[in-house]
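Going by the order they are written in, the chains are A, B, C and D; count residues from 1 in each one.
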């Protein structure tokens, strides 16, 4: 792709946290021009009036959703609640627009499973097969030709990247995988709800959804694909008083001898956005705050038979909008890191 | 014990977080009179000048350590760094004073293990055998007659209480116990250190000590005692941006069928400070903030063979000073809840 | 009042933060018996299911509002949104029940001003004259005989107590009073709103309502009464990432010479809940977390003509529920500190 | 300056928060090449081992301080504690190296005042006159030719920018200026101290230094210069639980009629890093998190005679390292925004 190439970009639903993060990244992406940002509720409001960090960087107003405007775009990102993209996907797809859905509508291949967890009928099940699950470290080749990318969830990104080398090694007990995951509160979105109020979520820590969480089938689908057969996962998400960040602590029983450090380093040697830390390290969520990096360390405590993987991402960046931009770069043959070179904000 | 009984109390090292928490509790304990609070560094400073929440409640000044004054007490609490209590214990013990060490000096029965983890020679190994490990839910009878109580650590309290019913049931795989524990920052104490600065620990989440942590041998000693044989535990502590609170998420493989909810309810039915939540619950750390309660829930995700226990305490109360007062109540035949009826501060 | 006297207590609207704080205090008040806690929405739900910190302390279910049950009480507290108490006050008042409204319905004597700021017609303007403004440090005598107490707002409590000695001294310029006040997020209540979400309010600081805030006329009414004439106040509230706490920084130009430290100490010498710190001090909000204390310090920087007052309270305790209990104690001739002796939780 | 020009950069003292922030900015500045980063304590340690957010962006190790290496640089930044730059400045200055001191050594023109507040003798008072105070919005022309830039403090930046239009208008009472300023905890630096521990500074709010603060004479020097005569300022700093951010709330009595909104908009119309918000706005610190912007709003509450200015910056960026880079850009004739176009991270 020539250096001067400029993609025309549409964003559907730019009023949530993945939306504002996506705009932060796209506003400084040298191959992108933001053409339209839709929001039914906020039509007419300047985007920068809602998100003052964008003052001077994004001059558009929110506009009412309209296929007409979106169809003029090269790529349309859906930064919407679940269930919106599937309503608009068919028309855009038929119009030749590429789609990157940051929500969950196209992530799960089994329609019945999707409909159970998202409690609604899928509006265009025939497009699910078209969609490529946008985890580049697993599916880079398919993403290149994708017309619809199902961008992975935040927990699924951190957990799958952490388990990937172990499962591919063939040396773990697939019946007893455990993912103890902790998420910052922005993962719940910019919705008015009591349980994510500052006075509820600050200075507090809790698990939730232990009996079942929507990201469980998404993760399992990915682990099964890696393993070539069904794996069993216990997934326990927790809410922790961070704005951004996911820390997944993964446990797997080893069934044979393996150099874990070497295994992880080799798996991710060529990955621009996975950083395997030196042996003995403990990654911190803040080390990836605002960046598209996944930092990983692997341990084998007391030399026993349990591998412990520590995997951190920024849930809004590598766990959502950043990975979406990474997928766009791959789809258009741009250098994969274009627009994603931000250094994490620390402290 | 008669209602009018007043215990004369000494506190060694009242300048840390367990110290100020202990003073908060003792200042309103109707059977206690604070006689002396020592601090080498702060001798002469009014205690309430350092901790203004105690203004109007504690009128003492810090005094220089002196066996003479402490020997006049009925009970002396050590709210000191590790390695201090063992220096003064012999003299007090010989003087007939009862000792409750909130630090680690008497927790581990195996002297070599203690000396390895605390990186110093034990000053009075002969008194370790005298000490009773002060986890009332396990050792209540021995505590009654104890002359030295080794008050458990914060992680060990949350983890041992959570595993207790499972291990006693005999229906878990003792080779693959996992404790994924998250602690508030006050657990690191009131020491000037970089890694616990606000600008380091706020809006951040990380694991630490995965390869080994001092609380590991303490927990293992307890689990082994419950099991009657050696259990293997992987223990992964994490630092989370709370002031107070520990959340232990425990994983154990079930080796037989058991009604987990009933098991936990029966185990703790008579315990004043363990509250088993209804099936399907997720305890929050804030629900025990400033109280001596351990709240526990147990799950069996997807009906599989892994039990998940969620156990929360306030690390400074049930995990330190509150449990110390509970032990004192038991030692002196007072109602166990005396001075410990505070309702958690929420929000 | 005899020591054995037990008051029958009703609480209307116990599902917000002032509600749960009130229940925390009343559940351990030795002269109170909770008879009924109403919530239209949550009728039938155990109170402790919503607020697990109350498990074992409050056994009632929320009940549907009913004058019948409330009329059997001695005192009814309204821990409701503004505009609710005035709907129920007449019937209770006529039934001889004493009312303590923690919301704003009876705080402002001028009905037109109230109706402007609360944007609704007052339902029982004739009862406003009956109501006593419940700031004990100003109105203790009238509170003793009150049948309706209008419990002050959180900002008004911190600001009025700080200005009281200055204004009573007659030595400040009444035309240029400034209150720069900072509130924790629980002050906004337990309502699902975007601007108080953790991901919005954490790691952020902002002013709001600079052009006007409901507490402004309430404070001005109080300052005018202290001064005996109209004072002019600039009031700038700010939102700060605390759960609990208000810090008011007050500025007043001195018009004559005065020993500020002595002035403040004398004003509050007999007050059980106002603690004037030594000269040169800076009170911290956490020093009053969960307690009913107002801590105050006064400065005169560089010996100039501007007095700076620093005044801190817990907005839910002295700024709401604690002060309501204090008012109840005064109304019933109980020792004013009954049930309010909690030591602030620090750290 | 030609587009291909690359400046050789030295950083003295890169282990603190202004250091890591400076490295974040310089590592992506297209006209800069980091040549040497010194730290006596950490010599030999890879910079990215201490600050993992820099992994892949900064490949240097910390080196021992050495004039030889620094003299090969075009510019040397001092991101050191106060009192270090003045020890090394003479040699570098004589060697023709330009100096930007992010600490306080060259900020105050009156040596006696500096020595009083920094409690040490100044090592090179003769260079103070050479130094230009690096507030571009006031001193841009002098900065262009500067060989030593004294980079302003964080509070002084936020306060001076907010007062600038008011004082230049000549319509405020210079005897009663008030700056009520609130700082995030990173402003205290990356030093191991008790009062900035997470468990001390989190969920807490307090004023400090009301009787005097080092930034007071620095601000006063600036305000006096703007006014052309001595102004009197009351400055009250507060510590608030943010990592980054300063919010200054400024109060000034108006002595004549003035359109405040127009006044502010005109003053800053051409400034790339001062953003005057629309009338009625309240800037949030998070809207500038990680960016070099100062956002300002001005109010005149109730149409009275007091102007209220709300001014926010990121203390580490516009309040320290970002402004230092801005000064470097000006010194070398680069576009002033080069390397400083980061969009604030929100949420």
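To be clear about the criterion, a residue touches a chain if its C-beta (ideal position, glycine included) is under 8 Å from a C-beta of that chain, and two chains touch if they have at least 3 such contacts.
What you see is a predicted model; the values in this text were computed from it and never measured.
Looking at subunit B and subunit D, the chains that touch each of them are A, C. A count of C-beta contacts for the chain pairs A-D and A-B puts A-B on top. Averaged Cα coordinates give subunit A a centre that lies 40 Å from the centre of subunit B.
With centres set at the average Cα position, the gap from subunit A to subunit D is 36 Å. Residue positions 17, 184, 186, 190, 199-200, 202-203, 241, 243-244, 283-284, 286, 289, 347 of subunit D each touch two or more of the other chains.
Contact residues on subunit B toward subunit D in their complex (touch as defined above): 17, 184-186, 188, 190-194, 196-203, 241, 243. Those residues of subunit C that touch subunit D in the complex are listed here as 176, 178, 180, 182, 184, 199-200, 203-208, 210-212, 232, 234-236, 238, 240-245, 247, 249, 251, 253, 280, 282-286, 289, 299, 301-302, 304, 306, 308, 310, 312, 347. Considering their complex, residues 17, 20, 24, 27-28, 51-57, 186, 190, 202-203, 243-244, 275, 277, 283-284, 286-291, 295, 316, 341-347 of subunit A touch subunit D.
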